Amino acid sequence: MGRFVVLTDTVLRGLGQVMFQNNSYAGLLFLAGIAANSLLFAAAALVGSITATLTALALGVDRALVRAGMFGFNGTLVAIALLYFLAPVALTWACVILASACSTLLMAALLAAFKAWKLPALTAPFVFTSLVFFLSAARFGRLEPTGQLPTAGLPVKAAVEGVVTGGTVGEGLLTGIGQVFFQGSTISGALFVVGLLVSSRHAASAALAGSLAGLLVAWGMGAAEPAIRAGAFGFNSVLTAIALARVFLAPGAASTVYALLGAIVTPFVAAACGAALEPLGLPVMTLPFVLTTWVFLLASRGFSRIDAAS
Amino acid sequence: MGRFVVLTDTVLRGLGQVMFQNNSYAGLLFLAGIAANSLLFAAAALVGSITATLTALALGVDRALVRAGMFGFNGTLVAIALLYFLAPVALTWACVILASACSTLLMAALLAAFKAWKLPALTAPFVFTSLVFFLSAARFGRLEPTGQLPTAGLPVKAAVEGVVTGGTVGEGLLTGIGQVFFQGSTISGALFVVGLLVSSRHAASAALAGSLAGLLVAWGMGAAEPAIRAGAFGFNSVLTAIALARVFLAPGAASTVYALLGAIVTPFVAAACGAALEPLGLPVMTLPFVLTTWVFLLASRGFSRIDAAS
Amino acid sequence: MGRFVVLTDTVLRGLGQVMFQNNSYAGLLFLAGIAANSLLFAAAALVGSITATLTALALGVDRALVRAGMFGFNGTLVAIALLYFLAPVALTWACVILASACSTLLMAALLAAFKAWKLPALTAPFVFTSLVFFLSAARFGRLEPTGQLPTAGLPVKAAVEGVVTGGTVGEGLLTGIGQVFFQGSTISGALFVVGLLVSSRHAASAALAGSLAGLLVAWGMGAAEPAIRAGAFGFNSVLTAIALARVFLAPGAASTVYALLGAIVTPFVAAACGAALEPLGLPVMTLPFVLTTWVFLLASRGFSRIDAAS
């Protein structure tokens, strides 16, 4: 393949890896799903994956890792996040480039730090890089928030709010998958499911089951209806479910139950992260998925019933 | 022994391990101490230890660890904590079961994470699991706090408040031990000391010395009298003192001095954790003990004067 | 050499190690730079280095490490920090002694924790020890802040404030170096540069380049002019630049570019730490340098273009 084709394929795999798919067609469909909702975010997703990938190549990262898209997906998410929460002016685009490059540094750092535990970095580089840039906007006068960041304020007890209907559940099921890429759109969610189907039927089922589990737990615990409908309690469970059921543990009955438990615990961690970060005006992004999956993977080493993926 | 007897013995050792005693009689006396103050908390302590132990067995944890009560004590504390801070309705009891099971996952995860350092998990699984559930109550409308959680608010400089008398010291000495299980009662504290005496005379002395050290430092630094009387600055020092003087380091003059230093530093860490967590409406629980003991144990590897327990 | 001469030399190396110089003359010039601005802080710097060093000797730390000043520099910084933010009464001096001793414990703990990664502790022991004492002042009525701690309050979007002139840049370049020891004085900064020159011409250039990079980035992003003039965005970049260009990586073109990238990223991390810690009334100190340098060093293991120092 020519250089340009290889790079394009790598960049698309970077998009695919956001949901653990080392598959450029999945990546292309994810890109289509984003574009269906917003061309701005689709552009950001590409710029982020390209920047993070080129940074990795320039610094001399192991080619095989780069080729599998492992140095693209955090850049993609960082770029979308920055444009979701900061106004799309020239300085923000400059920050998008810098932050996507930083995501490659954090990825390399976490790979080195976690080597002894054989623990994956997941989307932690995206989360930490984004938090740094959002927080710094409070001190740097020229970074303009879009108004999507939560308002700073101390945690207040939420009341049970709104009535959950069949529509809430149906919509939330798909937006929960759409929110993996910050797209609270059922069409985006549906296209992401198609992207998963192209790559792995099992991953698509895990994603749907995860979204449903997150949604039902949040409903049962009395989360606000608009948040449930928008998929706010789904996307982290989606990622936890795919990671535990299909990627890092040996697939089977035991890991399916274990993944389900993970998808059930994730909304509690999501609610907790929300209450901890929102006073600072920060979104939780995929931090709940990252924390829950790290704990479940580390714990599995001590459980003879749960095996690591071979 | 029959199955039921073994399980009962294991569950009681789980209670005993809250103060590092692999001894079911100590566990039984700790349970009596809790029951003397509140039957609700005694029931919670049993449910937590049983749930965490059974979860460990179901997932296939090493039997010897489970048998020593190592997968019971965090469940016990999580269960008491949830019922201390959340209203005892059916949903809270369901959360108690889920959270106790989660404490087993966190325990297994920390054992795997800390293996290379030979560092104990201590009560970190209890603390982190409880923090997640308390924080999530701010987003989940159906979890009702009892009013025991600190009110959210930014840290305000505390004034020197109240006059410390002999009564404060005498009461605080025992409540400081009672608070290890959230029981601010002198009778509970006294029964816990008896439980320690049954298992280890030295552990009982360390507990009393730790409680006194924590109390005196807090008094000297100008902590509020009601907090001192209630044992708020004692229980973390109790645990630090037992851990460093009797459990993880070779007993002797050097480790006794080192443990005393630990018991003196703990109230500073406790005050700091309080100021950091209380703005979010969160209690510190045994986080100060965990952090201080981790630092002192890790540091001891570089000190030729302080030896690890054989 | 006599015992006293050896101890004096060790204590001065402790001061020198604040900017990575295992050189007692550099330490002496750093002390002169502090004394030029404040005799109180010069006394604190000495007391801190002496206490931390003697604690290390008493506990039996490896002599070679102590002799190189590795157990002095965190004590020096802790002592200055406590007197900068807490009123210089007798109780504060007692806390200075206790905190300097604690910095030795944290140093030993981090050395043990980071051994597997060959990662340096940097000034993390100073930062964490100081944060504990500042936070505890909110609960301990007898610790009196000086008014230098930030006022507790939720993060508020900063406006672009003041006009940056040539004077701002010239002053900020030197105060940025002075602030490494909490001295917002151009004379202190100049003397620190002289101290670096005595020990390493390259370290002095890295310090000046780092200060300039931090200042220019903060200016470009719209930080407040008084903060830029006072060196608030310089000192962390100074330390990152020296660490990455001269100390932990093989000097050369690649590491110079890498260090420059580190110096550019540091002000973002500094702004983020400020927004995260200031609501609790806490200063960031050198936390941004520590976090950035840890990430850049860990990441370098995965980059074939960046080599570790031999």
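Letters A, B and C mark the chains as written, and numbering starts fresh at 1 in each.
Here, a residue touches a chain if its C-beta (ideal position, glycine included) is under 8 Å from a C-beta of that chain, and two chains touch if they have at least 3 such contacts.
Fair warning: this is a prediction, and the values are worked out from it, not measured in the lab.
Taking only C-alpha atoms, you rotate chain B by 120 degrees to land it on chain C; that is to the nearest 5.
Two copies of one chain, chain A and chain B, touch each other, and the residues they use overlap weakly: the shared fraction of interface numbers falls below half. For this pair, chain A with chain B, the centres built from the Cα atoms lie 35 Å apart. Shown for chain B are the residues that touch two or more other chains, namely 116, 154, 279. Looking at the complex, you find that chain A touches chain C at residues 58-62, 91, 98, 102, 105-113, 116, 131-143, 145, 152-154, 279-281.
Across the complex, chain B meets chain C through its residues 116-117, 154-161, 218, 220-224, 264-265, 267-269, 271-276, 279, 294-296, 298-306.
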